[in-house]
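Structures incoming, each one as structure tokens.
In what comes next, chain A is part of two complexes: it sits with chain B in the first one and with chain C in the second one.
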Partner chain A sequence: MSTLVTVLRLPRGPDPNGRGFDPNSPRFVALCPTTISASTETGTDSVEIGEEQRARSALRESFLRTLIAMTNKQVQFHMYERVKVEAKFGASDIDVLNFQVSELQTPIGVQKEALLRCQDVISYSFDL
Partner chain B sequence: MAMRQTPLTCSGHTRPVVDLAFSGITPYGYFLISACKDGKPMLRQGDTGDWIGTFLGHKGAVWGATLNNEATKAATAAADFTAKVWDAVTGDEVLTLAHKHIVKSVNFTQDSSCLLTGGNDKIIRIYDLNQPEAEPQEITGHTSAIKKALWCNNDTQILSAADDKTVRLWDRNSTEVVKQLSFDMSVSSMEYIPDGEVLVITYGKTIAFYNALSLDMIKTVDAPASIHSASLHPDKDFFVAGGDDFKLYKFDYGTKEELESYKGHFGPVHCVRFSPDGELYASGSEDGTLRLWQTAVGKTYGLWKCVLPEELVSENSDTIYCTPAAPEIKA
Partner chain C sequence: MDTWRQLKPLEWCKYVNKEVKVTAHEKQQHHGWVFTVDPVSASIVLVTFQEKGGTPTVRVVTGHAVQEVEVLQEGNEETAGRLRVIFTPPGAHTLGPEEVRHRKESLRLWLEKNRIPVEEKGEMLCVANVLTVSAPYGAEDCSSSNEIILARVQSLVESNPDSTPDQPANS
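Up next, the complex of A and B:
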């Protein structure tokens, strides 16, 4: 009699909420113990790594707090190709790839709703 | 009569999949990267097709993608005129290499220290990844867009295929042409097998095998349809090919006999590659999917489980669906 081939399950597809690369996977944990590319040189001891991690956490936290503080405020964005635009900041996506803004003032008119691609932004500023 | 085959379908891409590459075998298994016109190359576990992550950053279609042997680095070539190097564990972008035109091909050396790029500006470039700011070494000569550029002969030479209907072998140090092959039509794909120094080239309906050092022809095989890509099994007993008629063909390398053909894709097959252990092969198609096919149909491997008829009546409720030897299942 012929044998049958069954499939245990289908391959898992992408997660719609993020870009993957699970930091809890065995490979990630083994190959990126600090998840800090700057401090993976040999000779870095755990005290230095701890300090670096604390500094990074503090910086990350203040960055996230600036995003909260910016909500609904007028923000000026300096972008490549000498582009300067101003808009009301709405929100960022989880990977900080896009900023959702409203009333984006551009040289060719005001865009009611827009997404700014973060990698195109050089700097941005706003008044607290 | 041989069994029909149910491929494992990996969805996620929203546009045609134009290139794919496997890593070597690592302590964590082997991995697969797919290049897609949606600009978002994906990393998957090689033996199951499970999605691991998406490399985000390119602003245009990604035409070429590769992994280093350890699957710690990835490189991609895109229509946004850049090649990018990525950390394949974290998914972070490590380097962006600006070019003057669409980049089509990227390839790491065995030790991952150098990256080879080629594209529509007809120039082959060698980047030293330890000195990314330094100007790349350039190799000129092709008169049309380069489709593929690969390291060969222990990274001392380079093989390139271009739309000028030539395949050229270059010396890395002198940057001179060592040998050249000319064809009547454009080469659609090229695969280099270091073990045994075999070069697999496809053009029209032909799959051709050459000695990669001398560029002497070993043999050619004709398929029933126009072929876009082919791959030789690591043991050099079979090769697989896919192209315009949406099917995957499996041939005996020794006798050149067509052994099997499999339907499954809903569009032309653009790329096909054997896994490093030869147990499966992956195909990418215009239909936006990747499909994993078993080399030995009926073997238990990865997500495939061979079930004897007696076992089916037991309380094994894990199975989702089975393929009997008769009608094919339309997904």
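Up next, the complex of A and C:
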């Protein structure tokens, strides 16, 4: 599928306040964590919290380097229901909830620009 | 199923630089060397080196899909180094602390020679209270809210005759 084909435009999706897109909906709250795991103040002393924060920064920095290495590369996304698509990775948002991709190859054609929901992705891989 | 996401960053760190087998949703199984675990999404970044020395493959398993992580092998200094190297962008080079200190001194003297008020604030140079220069004290490391001063100081930094280590400072 190397040439772009016009993709049949499906009817407009639910508006931002529809099910699943509303930040207060049970689905969003269940799937998209609003807080990240951390030690509580009362249980640990400040040295441990400092170490935890250092670990968190180091891990996050490495992950951001992974995202940088991924930009403009062909990435294969393995999603639920055994769906496998390939696209050129563009960018991610800060919470790693959405990926902006280009040239998304779908069974019904190649979509020039698309937004992938990370909750629908199980794993993704690319070659350096 | 949620146990992976509930782990603390220090516990995630224990998996870094180890070869693991990750079982994910829909019976997906992946193995590779853990480069990092994203603290925000709990996604595991696995690297698989090709046997014949080709480009490594990177696979990321999203945090919400992780069911089980099993450690297969411990890594060592060599694997840690290999992982670090593949993600370093080309052209980046790290400066030792001596070299960073030398650059700071050289820049400070150059600015003072040009009658620019500069004071040291910890690791940063503070110029006239409106501009700061952080390590490694190049033109791109200047930050200020005043664009005119920023442009002036940046051109000064670039014209520092001592900006390369093997050039003697002008008297």
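Assume the second predicted complex is superposed on the first by the 86 of 128 C-alpha atoms of A that agree within 3 Å, B and C clash if a C-alpha of one lies under 4 Å from a C-alpha of the other, contacts with A are read in each partner's own complex, and residues count from 1 in each chain.
Going forward, a contact is a pair of C-beta atoms (placed from the backbone, for glycine too) under 8 Å apart; a residue touches a chain by one contact, two chains touch by 3 or more.
Computed from a prediction, not measured in an experiment: that's the story for all the values here.
Which partner chains sit in contact with A:108 here, chain B, chain C, both or neither? Use first/second/both/neither.
In the superposition, A:108 contacts neither chain B nor chain C.
Once the shared chain is lined up, is A:119 touching chain B (first), chain C (second), both, or neither of them?
A:119 sits against chain B and chain C alike.
Taking the superposition as given, does A:95 touch the first partner, chain B, the second, chain C, both, or neither?
It touches chain B and chain C both.
Quick one: is A:47 in contact with chain B, with chain C, with both, or with neither? Answer first, second, both or neither.
neither
So which positions on chain A get touched by both chain B and chain C?
On chain A, the residues that contact chain B in one structure and chain C in the other are 31, 37, 95, 97, 119.
Using the touch rule from the top, collect the residues of chain A that touch chain B in their complex.
Listed in rising order, the residues of chain A that touch chain B are 1-15, 19-23, 25-28, 30-32, 35, 37, 95, 97, 117, 119.
Mind pulling up the chain A residues that touch chain C in the complex?
31, 33, 36-39, 51-52, 55-56, 58-60, 62-63, 65-66, 68-70, 78, 80, 82, 94-97, 118-119, 121-128
Touching residues of chain B toward chain A in the complex: what are they?
Residues 3, 5-6, 8-12, 28, 42-44, 48-57, 59, 72, 87, 89-92, 94, 292, 294, 297-298, 303-309, 312, 318-325 of chain B touch chain A in their complex.
Which positions of chain C touch chain A when the two form their complex?
Listed in rising order, the residues of chain C that touch chain A are 5-10, 12-13, 16, 24-26, 28, 30, 35-41, 43, 45, 55-62, 64-65, 86-89.
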